[in-house]
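I'd like to ask some things about the structure below.
Every chain is named by a letter (A, B and C) in the order it is written, and numbering of its residues begins at 1.
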Amino acid sequence: MSATAYGWLVLAFPLAGTLIVSLGWRGLPGRSAGWIATAMIGLSFLASIGALVQILGDPVDARQHTSSLYDYASAAGLNIQLNVLVDPLSVYMCLIVSGVSALIHLYSISYMTSDRGFNRFFAYLNFFVFSMLLLVLAGNLVLLIVGWAFVGFASYALISFWYRRTTATRAGMKAFVINVVGDAGMVLAAFFIFRDLGTFDLLSIFSKAPQTFHTNQGVVVVICLLLVVGAIAKSAQVPLHTWLPDAMEGPTPVSALIHAATMVTAGVYLIARFHPLFEIGLTAADIAAFIGLATLLIAATIALVVTDLKRIIAYSTMSQIGYMVVGVGIGAYSEGLFHLMTHAFFKALLFMAAGSVIGAMANRQNIDLMGGFRKAMPFTSAMLLIGALALAAFPLTSGWFSKDEILDFAAYRGGFYVIFTIGGYIGALLTAFYAFRIGFRVVFGEPCEEARELEGGHIHHAEPENPATGEREDTDVGFPGPTHQIAEREWPMRIAMTILGFGALFAGFIQIPGVDDAVHKFLHGSFLDSSLYEQGPSTTAAYRGLLIGGLISVLGIAIAYYAYLRRPGTTAALVARFPWLHDFLERKWYFDEAIDILVVRPALAVGGWANKIFERYVIQGLVMGVTDLVRGANAGVRGAQSGYLRSYALLLVTGFAGLGLYFLLQSS
Amino acid sequence: MDITWYLVLSALLFAVGVSGVLLRRSPLVILLCLELMLNAGNLALLAFSRSLGNQDGQVFALIVMVIAACEVVVGLGIIVAAYRRRIPLNVDDLRSLRG
Amino acid sequence: MKEVAFFAGAIGALGGAIAVIALRNAFYSVLALIVHLISLAGLFLLLQGEFIAAAQIVVYAGAVMVLYVFVAAYVGNVDEPLWEPIPGQRFIAPLLGIALFVELAIAITGSSLQAIDTQGPTVELGFGSPSAIGKLLLERFLIAFEAASLLLLVAAVGAVVLAGRHRAADASAPRETA
């Protein structure tokens, strides 16, 4: 089969899974919905491998294939088809998305086992995977935006999965609204592209763009900036990032899949895919890179102080995506995309381990309450540490290779790009620190109550309550289920986490600078028209960078060790010394408050005015005015139907006389 | 005599008939006024017939007379039937077909 | 001579007409109409319509008005209330009548009817005679003649049905089916 046939299969399986589970949700027995969904994603992964094999069989400069299913809209210069673009970049993304999704589906079968909304969960999850694959496989901008929007919807549906929790539904709405801002940017960019280039087809856009625009021409910078708006909304970069921490209200597998491994990387994919435009509108690419840098640092600082386990991991996601955005912004495409892959592995692993820990803690997420799980949950602790090592870019882990290659590229480009390298290293130090904040806090130290209970053999049970607000809940549909699973007892969770653990540890070896560079060579087929792709630091410079990165990572871990294990009171003392700094960081740099004042309140005010004044007096007045007019005229005319014979006769004669008068006048 | 006199007289009689229909309330009298109007028409027909030298107008007037007779017959039948059922013979009271 | 006859007939017709609409007693209105009809018959004679004049007196004033007289006698007089429920009717009606007359008069005496030969051509002796009318009725206007007869039949039947005693009006007594 051809590569594009595999491409259609990659899309067809999750779609079939969605339809089967969503239409048959009442009838599917037991946990079969979960297995069906997982199987479908597994098949999708196999199809991606098929596409990979096919692509590898092609010569390097002929690896971009499109295939169209039917014409969606062909009229008046518009030619939108349902087509897919199967090329190295999209196959790469498909492999990551379907692979990690399949593992997360497997994990969820255990994690969500007692949840009353089990079938609904898998329907949504499959739909999400379908949408994400649609996004990366889309061959034209319209289909990409369709996938973009579907992914936003799936994210909303899954964040507010436990819909009876007000915090969850509010978080879902927040995510959706902020995503819509990004969608607006995307659509505007699409309008501009169509206006200037006349086409939506991706390959046509990329071939026409260099001929139509010249470097840094206003309109191409605007297009790229609008695309960046879309990217930062979806990838939770500053200032459209405030939805991501709140999105942790969703179940942990959702956080792992959507808000770590796949959806939030859509922005990175977008910039990488549109690299021909970004290499013309260089200012926009630099702006994107700066946004990535800012996010990287801001998120890392916030992750130092927040206490909710999932939120720390969320901020680390934001920070790592900042690295990826910096990467694709400065032209380090394969490096940024490689970091996307390794991040998917270790972040999903971290979330899975966190899910296991939260299960042991009976759904409570505050790390200040956790501690010393190493004896009670050896497997989970090991996985957590592996994930933390990869996140901290400890030497020889996958994170080390991917993160430091980005920073090497920035150093190589020189000039003011060095600021990315310096910022990146500072961020790496902070990352290592907070990664092991989690690691040491949860795994080492004195075992907490729940850990002791678990060592004794049973999982702690607590009254179900909302982890953020403490409100009491029940375990019926719309809230989490009554039982909690931990990895030690559930083999699906263990299999998923083991595979990801291998990836987090060893995936780096496919991209050793100067040795194999497998990812770089593979992705080359999608970046043939890029002027920056071929470039890169020399091998020695790369190794120098890796060395520096390794040292920083070890330093960060050492500081964390000192602060948390050697002298346990250190952080508390620091908090007491700098309360204002602590508050500032804990309030997330006051972004939520700023957005509330700048955007939310004015919008509510306008809405209130529109409702009370404009709607009531102008629109209602107009509409009711029309009906009142008609009714009045009606009443007036009805008066003529009096029932009196003589009055009718009068009207008749009046009419006749009038007519006669008319004819008299006319003939005279 | 000029035909015009006859025609003007016919118009006058017609106008009188119309006023009668509009003013009187008894159905019987309204029917009488209808007769006035019909006869005015007959007069006009005969005047034209004479002025054109053509007898078609007279035949027409004869037919009009027949029609008037039929109409009177039916109208009076209605009045008698209404009287029998004790319906008030006042056109203003018969107004159930109002809008 | 003709003028005198015309004016006599005209005054009779007009007087009768005004009396019809002005008299309060319905029976007197009927009688006034009879006067009007006979005056009209005279006018018809002046217009060489002998047969029509005769038919007017025999049929119209004779038969139709007798019908009226009978019904008027049967029904009796209905006192019309003084108060006028339709606002403005008493005022507008005569005005309209006058307006109508004025329009028609202008139409008749105005330029549009100048084509009328105001005296009319000289006609042969048999103009308007029964034989001439009869010939026309049975030759050229046969269909109209037959249709009018049919209409008379229908009207007669209708009148009998309308004014006859309805057995079904007594709702309690069911009729036996034949």
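Just so it is clear, a residue touches a chain if its C-beta (ideal position, glycine included) is under 8 Å from a C-beta of that chain, and two chains touch if they have at least 3 such contacts.
In this text the structure is predicted, and so the values were computed from the model without any measurement.
Trainee: Among the chains here, which has the CA centroid at the largest distance from chain C's centroid?
Mentor: Ranked by distance of C-alpha centres from chain C, the top chain is A.
Trainee: Count the touching C-beta pairs: is B-C or A-C ahead?
Mentor: B-C
Trainee: Please work out the Cα centroid separation of chain A and chain B, and write it as a whole number of Å.
Mentor: Computed value for the inter-centroid distance: 91 Å.
Trainee: Using mean CA coordinates as chain centres, what's the chain B-chain C distance in Å?
Mentor: Computed from C-alpha means, the inter-chain centre distance equals 5 Å.
Trainee: In whole angstrom, what separates the CA-based centres of chain A and chain C?
Mentor: The separation of the two C-alpha centroids amounts to 96 Å.
Trainee: Residues of chain C that contact two or more other chains, please.
Mentor: Where chain C meets two or more other chains at a single residue, that happens at 85-86, 89, 92-93, 96, 100, 104.
Trainee: If I count partner chains per residue in chain B, which residues reach a count of at least 2?
Mentor: Where chain B meets two or more other chains at a single residue, that happens at 18, 22-23, 25, 92.
Trainee: Where does chain A touch two or more other chains at once, residue-wise?
Mentor: 642, 644, 646, 650, 653, in rising order.
Trainee: With touch defined as at the start, can you tell me which chain A residues reach chain C in the complex?
Mentor: Chain A reaches chain C through residues 642, 644, 646-647, 650, 653-654, 656-657, 660-661, 664, 667-668.
Trainee: Quick one: which bits of chain B touch chain C in the complex? Just the residue numbers, please.
Mentor: On the chain B side, the touching residues are 1-9, 11-20, 22-26, 28-29, 31-33, 35-36, 39, 42-43, 46-47, 49-53, 55-56, 58-59, 61-63, 65-74, 76-81, 83-84, 88-90, 92.
Trainee: Enumerate the contact residues on chain B facing chain A in the complex.
Mentor: Touch list, chain B to chain A: 18, 21-23, 25, 91-92, 94-99.
Trainee: Okay, in this complex, where on chain C does chain B touch?
Mentor: 2-3, 6, 10, 13-14, 17-18, 20-21, 26, 29-30, 33, 36-37, 40, 43-44, 46-49, 51-52, 55-56, 59-60, 63-64, 67-68, 71-72, 74-75, 78, 80-81, 85-86, 89-90, 92-94, 96-98, 100-101, 104-105, 108-109, 113, 116-121, 123, 127-128, 132-133, 136-137, 140-141, 144-145, 148, 151-152, 154-156, 158-163
Trainee: Can you name the residues of chain A that touch chain B in the complex?
Mentor: 638, 640-646, 649-650, 653
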